[in-house]
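Scrolling down, you'll hit the structures one after another.
Here chain A shows up in two complexes: once beside chain B, once beside chain C.
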Partner chain A sequence: MRNWVIGIAAPVLLLVAWWFLSANSTDPFFPPLETIIVRFRELWLFEHFQSDVLLSLGNLFLGFAIAAIAGIALGFATALVAPVRWMMDPLIHFLRGIPPVALVPIFISLIGFGTQMRVTSIALAALFPTMIATVDGIRSVSSDLMDVAKVYRLTRKERVLDVLLPAATPQIFSGLQVSLQVAFIVMIASEMLGSSQGIGAMTLLAQQSFMTADMWAGILLLGVIGFLVNILFSLLRRKVLSWYIGSRRLARAS
Partner chain B sequence: MSNSLSTRNRKSTMAQQPKTRLSASTPRLDVAHLAKTYGSGGKARTVIEDLTFTVDAGEVVCIVGPSGVGKTTLLKCLAGLQPATSGRAAIDGRTISGPPPEMALVFQDYNRSLMPWLTVRKNLVLPLRHLKLSAAELRERCDGALAAVGLSHADNQYPWQLSGGMQQRVAIARALAYRPEILIMDEPFASVDAQTRFDLEDLCLKIRRDFNMTILVVTHDIDEAVYLADRVVVLGSRPARVLKVVDVDLPGPRDQITTRSLPEFARQRTEVLSLIKRPA
Partner chain C sequence: MKASVRPYAFSVVGVACALAIWQVLAEAKIAGNALPPATTVFSTLATILGTGTFWSSLGATIGIALLALALAAVAGVAIGLLVGSFESVKYATLAVLEFLKPVPPIVILPLAVLVLGPTAEMSLFLVVFGCLLPIVMQTVDGVQGTDPVARDTARSYGMGEGEILARVVLPSAMPYIGTAMRVAAPAALVVTVVAGLLGGGPGLGQNIYQAQAAGDYASLYGLVIVLGVLGLLFQGVTRLAERRVLHWHESYREAVPR
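On to the complex of A and B.
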């Protein structure tokens, strides 16, 4: 509960401080927050809501959803199917040592024009963290649990869907969290490069045309979206992994 | 010994049994010259060298032996989780090559053998799903098994919310709901308090009576082995071999207080103890 209070209070305090510190600013690069918020309302809540905000969010969620599903599926195939493992293992070894964000330039260079290419690059970049986490998750499922599944003669489908998948879910969610961050970064980057639509494109355009209030409004919006998306993700995790969170809390308490 | 064996399973395997043997004398479980070596080459490690013993239908047999002698390994071979290196283990004359359908195993590590993401009841249901039972039978089996271990009230809790003894009882209930003909338990009562332990031992004897199961229990507690068993298989030395099979003849239905105070009980446990204590 206290975490929640701090989580909400900290950004609010920051905004309040920003408001007062910038109130009488004449620096063209740091306009008063009031001006920024006026522009924020004009730009994002009305004029560009559908054309840009929804477009960006749509790309983000579509790209992330594809990455999540494909990453989990590929992770299962890699962990369970020998030929796939032979193919993927070198790639996984290569990727494991690199922070996921460092791969972003590769995918940005792949970005072409059009929504499809943008969604593709978001999905591709975000796929690997989830895939690697899924492989690790499945490999670390205890052999005792698999012995139970064998003794009670669970079918192959049951072993995959009712034992391996839930047992690997805590690690899969760690992977999904990283994938979400990567997807968000690639979404913004994909719009700043070679696009005239989306929040990223609008923000960069504002900067290039010296409309600093508009630029700050764009950055503010990205911050708010990142914040809300993370809260949504935590809620989902809390729901799906309530057994894991509960058992960990109990183990720590004892 | 107790020959009130279930005939329903016998019929299907009758044809495979050696003709020279009477079916009534074919042991339910037959372990013959079983050997198990983990790994190969330089890292090979022989855990079991040559084990031979049998378990008759409806019997309770206990296996005792020092820690690390290979008791769990033996059970894994019997449950078809590990292939024997040589020799064989058979059920009703059929060599075990994979988990047999008539067998359930209660693992030594209860806290690693229950699914933490499933409630107690769902843990019981998971092994039953592929049996395609009716909803009514499914409920009846789970209710019955939970009642037998005294956990009817806990069916909506998660295993990690329960004490160690309760978790072990969930693992036993899961085996009971599966209705195996042969129940194998690996040090099932090792980590529960004394009171629960007595209750679980009596539960074990009650299961045998009520469900007519054949039960094989590994334990390192000699008193427990003598109290539970019709026969005690004493394992010793490494690699493991059978030191002796002790027939336990205790009168009447067993009872924690009267049975354990019989002179007969003391004599039997001394016999087993001296086998184990003897330098190899």
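On to the complex of A and C.
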């Protein structure tokens, strides 16, 4: 009980301290929290909501969805067909070594500055974590499970969809979580590198024109989005993987 | 013997195919000048490797990443031990840590550039910010995962709190910290590049930005290839270091040959 009081009181105190310490601030870098919140409301609720916030989020989800589907599909192809795996392995590892954001300039030069470039950058950068996790997930499925599937004479399709896919799902979800983080980072980066629309672009523009309160409002919004997207994903994971989380809990309790 | 050679043969074929496809697409000018042929990129890369500016950029990138990683490790383990050892501190920081954890350093990049300017300090700050939280969280998990029996044993042998922390809690948290470092090291490199690319900090990220802005596509591709190799090196070296440092732990111990 006491712990929960501390847990709720500490962040509230922190915000209150920020509010009062910055109240009469004339420091151009750290404007009063009140000014930031006023600018936050003016900017994002709802003047630029449709033109920038929805645009950014749309790119994020579209890119992530493409990456998720393609990553899982490619992961299955790579894991199940050995020659494909041998051919792809060095390429995948090399591409994975490149910082995802460093690919953005290449896509800008290839596709230009439009929405297409941003979605492509997000999708390609977010592809690898899911793909690699899928390959690992399938390869770590126990051979007993596959033997049983064979004894029961399951068809290849049944073996893939009813045995391999569920068994690899926990690992696939860890990959998807990393992909989501990468997608979020690349979303911001693709907007910051030469684009005039989107939350990232507006935040960087505000910084370059010394509109500090606007910049803080953008940082706040990005922080909240990063946090909320992560929570949504955790909820989804808990729903899809409820059987797995439950079985893990049972295994630990016994 | 034959079976063990086959995967490598396929790997070579795969890489050769990728390079050939790249060369053909570039020669066909499907993207105009924006996609230079592989041969041009590699010859440009060879020229770049001969310049002093490249090596000083590379040094700046690696230096910033490693220094920030060391700072984040020291601070992260210290904070993690503190948060993990006291229930009240843990609950007081829980909400803040959980909120900041999914927030990548690129979010506060505009603020860092505003206050510190396009400098090495700015890059350093962003990398520390990005690497600190994962290390803190893992250290907390490690501290709380300490075997209570080992802790009680140490206490009944008359060890003081400080000694228990140094000789029981910290070693048992080491595998967790090792995992955090293995994840943090490549991330440190990535954030250093991002800080250079978007914030103008020194290093290869800045060179990539300049190459793109100047339309020097061959250099752009060459530098990205360098980054890919560097990323692989970082991953490989940290994995090796983790093994060396934690060779005593059971999950790393090699079976004794009989």
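We adopt the following convention: the second predicted complex is superposed on the first by the 215 of 254 C-alpha atoms of A that agree within 3 Å, B and C clash if a C-alpha of one lies under 4 Å from a C-alpha of the other, contacts with A are read in each partner's own complex, and residues count from 1 in each chain.
The working rule: contacts are C-beta pairs under 8 Å (C-beta built on N, C-alpha and C of every residue); 3 or more make two chains touch, one makes a residue touch a chain.
Just so it is clear, the model here is predicted, and its values are computed rather than measured.
Undergrad: Have a look at where A:Trp4 lands relative to chain B and chain C in the superposition and call it first, second, both or neither.
TA: The second partner, chain C, only.
Undergrad: Quick check for you: in the superposed arrangement, does A:Gly71 touch first (chain B), second (chain C), both or neither?
TA: A:Gly71 contacts neither chain B nor chain C.
Undergrad: If you stack the two complexes on chain A, which partner ends up touching A:Glu158: first (chain B), second (chain C), both, or neither?
TA: A:Glu158 sits against chain B, while chain C stays out of touch.
Undergrad: Which partner chains sit in contact with A:Leu250 here, chain B, chain C, both or neither? Use first/second/both/neither.
TA: Once the two structures are laid over each other on A, A:Leu250 reaches chain B alone.
Undergrad: Of the two partners chain B and chain C, indicate the one touching more residues belonging to chain A.
TA: Looking at chain A, the partner in contact with more of its residues is C.
Undergrad: Give one of first, second, both or neither to describe whether A:Pro32 is in contact with chain B, with chain C, with both, or with none.
TA: Touch status of A:Pro32: no partner.
Undergrad: Is A:Pro166 in contact with chain B, with chain C, with both, or with neither (first, second, both, neither)?
TA: First partner only.
Undergrad: Could you say whether A:Asp147 touches chain B, chain C, both of them, or neither, answering first, second, both or neither?
TA: The first partner, chain B, only.
Undergrad: Going by the contact rule at the top, pick out the chain A residues touching chain B in the complex.
TA: For this pair, the touching residues of chain A are 142, 144-145, 147-148, 150-155, 158, 162-163, 166-167, 169, 243-244, 246-247, 250-251.
Undergrad: Going by the contact rule set out above, which residues of chain B touch chain A in the complex?
TA: Listed in rising order, the residues are 76, 79-81, 98-99, 101, 103-105, 107, 109, 112-113, 115-118, 126-127, 129-130, 158, 160-161, 174, 178.
Undergrad: Mind pulling up the chain A residues that touch chain C in the complex?
TA: 2-4, 6-11, 14, 29, 82-83, 86-91, 93-106, 108-110, 181, 184-185, 188-189, 192-193, 203-204, 206-207, 210, 212, 215-216, 218-219, 222-223, 226-227, 229-230
Undergrad: Spell out the part of chain C that touches chain A in their complex, as residue ranges.
TA: Against chain A, chain C makes touches at 6-11, 13-15, 17-18, 31, 34-35, 87-88, 91-96, 99-104, 106-111, 113-115, 186, 189-190, 193-194, 197-198, 205, 208-209, 211-212, 215, 217, 220-221, 223-224, 227-232, 235.
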